[in-house]
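Quick one: structure below, then a few questions.
Labels for the chains are A, B, C and D, by order of writing; each one numbers its residues from 1.
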Amino acid sequence: MAGSTFGNRFKIMTWGESHGEGLGVVIDGCPAGLELCEEDIQVMLNRRKPGQSKFTTPRKEDDEVKIMSGIFEGKTTGTPISMMVLNKTQRSGDYSEIAGYYRPGHADYTFDEKYGFRDYRGGGRSSGRETIGRVAAGAVAMKLLNKLGITVNAYAKEIGGIAIDYDRFDMKAAKENAFSMPDSEAAAKVEAYAAEQMKQGDSMGGIIECVIENVMTGIGEPVFDKLDANLAKAVMSIGAVKGFEIGSGFEAAKAVGSKNNDSFIMKDGKIAKETNNAGGVLGGMIDGSSIVFRAAVKPTPSISAVQNTVNKKGEEIEVSIKGRHDPMIVPRAVVVVEAMAALTLIDLIFENMTAKLDNICEFYNR
Amino acid sequence: MAGSTFGNRFKIMTWGESHGEGLGVVIDGCPAGLELCEEDIQVMLNRRKPGQSKFTTPRKEDDEVKIMSGIFEGKTTGTPISMMVLNKTQRSGDYSEIAGYYRPGHADYTFDEKYGFRDYRGGGRSSGRETIGRVAAGAVAMKLLNKLGITVNAYAKEIGGIAIDYDRFDMKAAKENAFSMPDSEAAAKVEAYAAEQMKQGDSMGGIIECVIENVMTGIGEPVFDKLDANLAKAVMSIGAVKGFEIGSGFEAAKAVGSKNNDSFIMKDGKIAKETNNAGGVLGGMIDGSSIVFRAAVKPTPSISAVQNTVNKKGEEIEVSIKGRHDPMIVPRAVVVVEAMAALTLIDLIFENMTAKLDNICEFYNR
Amino acid sequence: MAGSTFGNRFKIMTWGESHGEGLGVVIDGCPAGLELCEEDIQVMLNRRKPGQSKFTTPRKEDDEVKIMSGIFEGKTTGTPISMMVLNKTQRSGDYSEIAGYYRPGHADYTFDEKYGFRDYRGGGRSSGRETIGRVAAGAVAMKLLNKLGITVNAYAKEIGGIAIDYDRFDMKAAKENAFSMPDSEAAAKVEAYAAEQMKQGDSMGGIIECVIENVMTGIGEPVFDKLDANLAKAVMSIGAVKGFEIGSGFEAAKAVGSKNNDSFIMKDGKIAKETNNAGGVLGGMIDGSSIVFRAAVKPTPSISAVQNTVNKKGEEIEVSIKGRHDPMIVPRAVVVVEAMAALTLIDLIFENMTAKLDNICEFYNR
Amino acid sequence: MAGSTFGNRFKIMTWGESHGEGLGVVIDGCPAGLELCEEDIQVMLNRRKPGQSKFTTPRKEDDEVKIMSGIFEGKTTGTPISMMVLNKTQRSGDYSEIAGYYRPGHADYTFDEKYGFRDYRGGGRSSGRETIGRVAAGAVAMKLLNKLGITVNAYAKEIGGIAIDYDRFDMKAAKENAFSMPDSEAAAKVEAYAAEQMKQGDSMGGIIECVIENVMTGIGEPVFDKLDANLAKAVMSIGAVKGFEIGSGFEAAKAVGSKNNDSFIMKDGKIAKETNNAGGVLGGMIDGSSIVFRAAVKPTPSISAVQNTVNKKGEEIEVSIKGRHDPMIVPRAVVVVEAMAALTLIDLIFENMTAKLDNICEFYNR
């Protein structure tokens, strides 16, 4: 595996460069019988599309998805689903300058070191456009999850150090403001702060939080394929993510056991937990509470402010990254986090189907 | 894959329960020609052994490893290396009580939900003893890394909210004090705090930091198998770990781009980075700086203080966990973090060997 | 894995249906630095193209390949290579009749049983067009093998019971006659026999033989991933292949050990084998002799002669398969066998690069 | 993967050398709730045990299996099942001579070429004892299959060119005679022929046939993971197997389509096939008929008759293999073929559980 393959049971392979012919993904392992059309994918892809507000890049990318296989008469057939977005508006000329030097915070240098050269146009394979394949596949996974009654919702918990107040938590707001923030007051503060940073040619980071609800208990495998371990990999694999935590996360490191343990209680005749410091996972398996995890996103590395770097000749130089870049990654990354969570979850749900002999016998003897 | 398999190229499968016959691991993919003996494994296993100070469980577990295959005349043969530790001193009687209820913070409930029943003796498969297989395999990976000049060092950065001071950083101290803390003053404070918590039958969490040095640039795969993504999975799969961050991690979320970006500079005629907020990884590939990551470890869930929970009959009850438990997990988990880091790294190093056609031709045409 | 993924290190995922938008493949794991263009792929794809003689289907399929990603300035970049062929001349109308019944010898019935329904147009996913993805990926693998000096040549050893005579063996003939037969006399006999069968609306089977030369000794993994085991899977996965043998194959079953064993001898100062009953593989690893294997190919199941079958209503009916079908599969399958052999081989070559610690140290310390 | 790992869902890793500490296997992916004890494994292991007649090696190998993990109160827990057989009666002295030369038909030379050296004692990893891990894991897979009503039966179809007559087919005979031959008359002929060959210090090959019954239709994945492709790999990975065919196999190559196609018919109100040239598989998926496949087994390469070979110094020498060797491999390999078939089948059954969305919804919404 060379890194563009994800999942064991609902397996995907993504492909494409920022300025190549296009980008896409193939899914091997989607069950037959799911109603699926291009609009299902497009809706989710549109949420990562740039140019939606002045706080994201003004580049225009239409990103129209086309399903190439795996659907017949409106339903998945069980065979591979190939989807792609053709690159239409990419102008290679914009990027020719960066061929010669290494942008700080980018993968230019490491690509050259690993492969001997790189497709430098728009970041090539390490461009944010790489997430198109993730989101397209994630949209299919999400539709499957929804069929099972599961919901996955991510949003900006914090941008530029300005955090939401849970007393004002409102997912409707997240859908309306430019920052995917479920708190209009916080969003207003971010707007002012962002305007300030943009004037200085700078960028800012933030924290994305994701809540998954209504998942069957027991999903997730003990030992290495714990749900939280697989989620961590999935989310940390998104460019710009530098940290992951579940439940009380890094706060747990400062807590004592009597506070951090969640007591089991009976609720409506069922076993539940009084608190959810665990974030919905015990021993790597879903415990019935909501799954709650967070991703730390670094500031956009492409900034117009002057920076020091070196060029391929080994000379120290000063650069100011030209081009149309997002001042923050968080708003457009929210849907990528949802996609990666959905892909992780569906894979482990499929894995779980053979956990008990009873399930297999039932399936087999219908 | 049902969760006890890790790695694609240096692949391991671990097995064993706390109170079964024993625990072990098989490695499929270790190259031939590595000098290896049981002592190499034992040294690393001894670092996770309990009973080393009054701040770890007083249980005595000898944990003597035996190599069952894959070695001939003192060297690995390229065939699977099977290693095991027989369970000798486990007393099943100690644990019979917990069969009937669900310990807060433990996987008892989720195991029952997933599999229909569980081996409740000492936590069964979700016991801390599960890490024996990880550490044994990690010791082999570590020896390979050392052959390549790579070092992996983890230590306690913080316990119970008491953090080390980098001005006093001293790895020698970490090897001497009971907490693996590279700062004797901080260790002394932890000692006092821990004594206090233990009196109250409580436990505490902490943060483990790990530094990897001298790794070739370019290791790690773009997109899904980024070095940081794979490390995150590896480390989050250790029981009790609730968060992972690399480089500036969650701090990056509050930073601006001009501060968080690491400028490239020339140093001794080579490309280097002025700072290391990236933690040694750009675009998922090693950039030549040290790899620095951290894991948040929750407090030991087994505490003697009274807690509320439910039993299998669905009754709410009060429990006080008996037995000999660690008041903190961090000191014994340090070596487990190193093991998982080593396993992750060797796998990606092997993966990287086919990144360039030139490498393959060179290998082939010798 | 749901069956359209192949390879562990040079991994491919194929997609597409006979009458969908197109067919293609993504390769994850091709090393950087290989010169590659569409013509390299097209040459091999053209060998499986129909309509090349009156003994293959007169359907016209242009099958022009387009490379969508993974190439920059004429070389592979190490990132996924996506290739596709758009379906242009497929007429769905031709096939509407077969929606209602199960063609003997085809996968119509099993697809319905497995997935609940099927894309019946032209066989859907189980059409011979499925091999487009195999051949496109195989062309890339073949170019890599050629760089290493390895050659892979398949040809028809037997068609309709008429076998080649090795005394007349001539690979030039194989490239010229309609049957890929390296013996013009045998080809002439097949031509007469085939004309006879076609008049009766019948079809015929045959045997494809493949010879691989100049492969490094030691390639192939002991136990489960023996070279011959992996080749068997690769070749048996081609539709219509019903048998696989290596070296003396089924003849070995009748032999005695003193005759079947190949004596080792010294030849030009090197260890060699006097005979090659082993087919170039000992214990699953390449022994330095040519690799020689054979695949048994069944007659084309689509025949115009009247056959008995059942329809979806459960009625027994008589059918005569309309449409433009190949009277024999062998000539067009020859290149598919080469492709699958190349894919298998490159994967195991990559795998072998970490067999010895010395190799890894050499690579690492350059 | 370095070759000792098999299966994707019911995954096994085998280990051990002929003269090391022991041999074993770990299963990751066995569902919870299967009653399992050592006797279940032992029964199947005993069928591969040597010394059962004068036509197998007189070596005494007790091969007592011990289950080390994954069982609690007599049932599988869903966690890895580790099983092992300690080597007790192996005498390394017997084999010291072969350290210096390469036995014809064995993997001595290829091991040296691949790894630089080898554990030469008794063939090391490439000994027939390697199959202990396969059979132990296969016994667990077989018990699962039996729970689902599936039977797997292999037997000798032909030894030394002497084939069974299906008119006298009698599985009871196969269990009684020394050759696992379901035809007493044929077995008597083999006995005479074998006695003759043994006098001359020679060995003989044969064909094993395997019949699998009562498997659900639709099992097997289209394209690369066809049931027959995966069976071919599984069976060809057994040492000494040189050919594989399913259904009419190599005979299909000589047939015409009108004869080789199996007509669908209605039988007891269900769709069935009039004949079974397909061997129970259409398009890689089970069609409801019995699965019938055959493996060609070469003569035992270890013979006492004088052979030519070379030694490690590159000198041509004459050797006569000492030691206690089987004059034929077939009788003891029958159970290995069954084991590999069971492992292949259970893996694809598990895979099939997510083929349809309906199945997943049903499972999820119970």
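Keep this in mind: a contact is a pair of C-beta atoms (placed from the backbone, for glycine too) under 8 Å apart; a residue touches a chain by one contact, two chains touch by 3 or more.
Please read these numbers as outputs of a predicted model, since none were measured by experiment.
S.K.: Applying the touch definition from the top, give me the chains sitting in contact with each of subunit B and subunit D.
M.R.: Chains in contact with subunit B as well as subunit D: A, C.
S.K.: So which chain is the furthest away from subunit A, centre to centre on CA atoms?
M.R.: Checked the centroid distances; the maximum from subunit A is D.
S.K.: Distance between subunit A and subunit D based on Cα centroids, please, to the nearest Å.
M.R.: Chain centres of subunit A and subunit D, defined by C-alpha means, are spaced 45 Å apart.
S.K.: Using mean C-alpha positions as chain centres, tell me how far subunit A is from subunit C in Å, no decimals.
M.R.: Once rounded, the distance between the two centres reads 38 Å.
S.K.: Using mean CA coordinates as chain centres, what's the subunit A-subunit B distance in Å?
M.R.: For subunit A versus subunit B, the centre distance works out to 26 Å.
S.K.: Which subunit C residues touch at least two other chains?
M.R.: If we look for residues of subunit C contacting two or more partner chains, we find 1-5, 8-9, 14, 29, 32-33, 78-79, 114-116, 125, 222, 354-356, 358.
S.K.: For a test of understanding, state which residues of subunit D touch subunit B in their complex under the given definition.
M.R.: 1-5, 8-9, 11, 13-17, 20-24, 26, 28-30, 32-33, 66-73, 75, 77-82, 84, 114-119, 124-125
S.K.: Give the list of subunit C residues in touch with subunit D in this complex.
M.R.: 1-6, 8, 14, 102, 104-107, 109-111, 113-116, 125-126, 130, 158, 160-161, 197, 200, 202-207, 217-226, 228-237, 239, 242-250, 252-258, 260-266, 269, 271, 274, 277-279, 282-288, 296-303, 305, 307-310, 314-316, 351-352, 354-356, 358
S.K.: Show me the residue ranges of subunit A that touch subunit D in the complex, using the header's touch definition.
M.R.: Its residues touching subunit D are 8-9, 29, 31-34, 76, 78-79, 144, 147-148, 216, 222, 349-350, 353-365.
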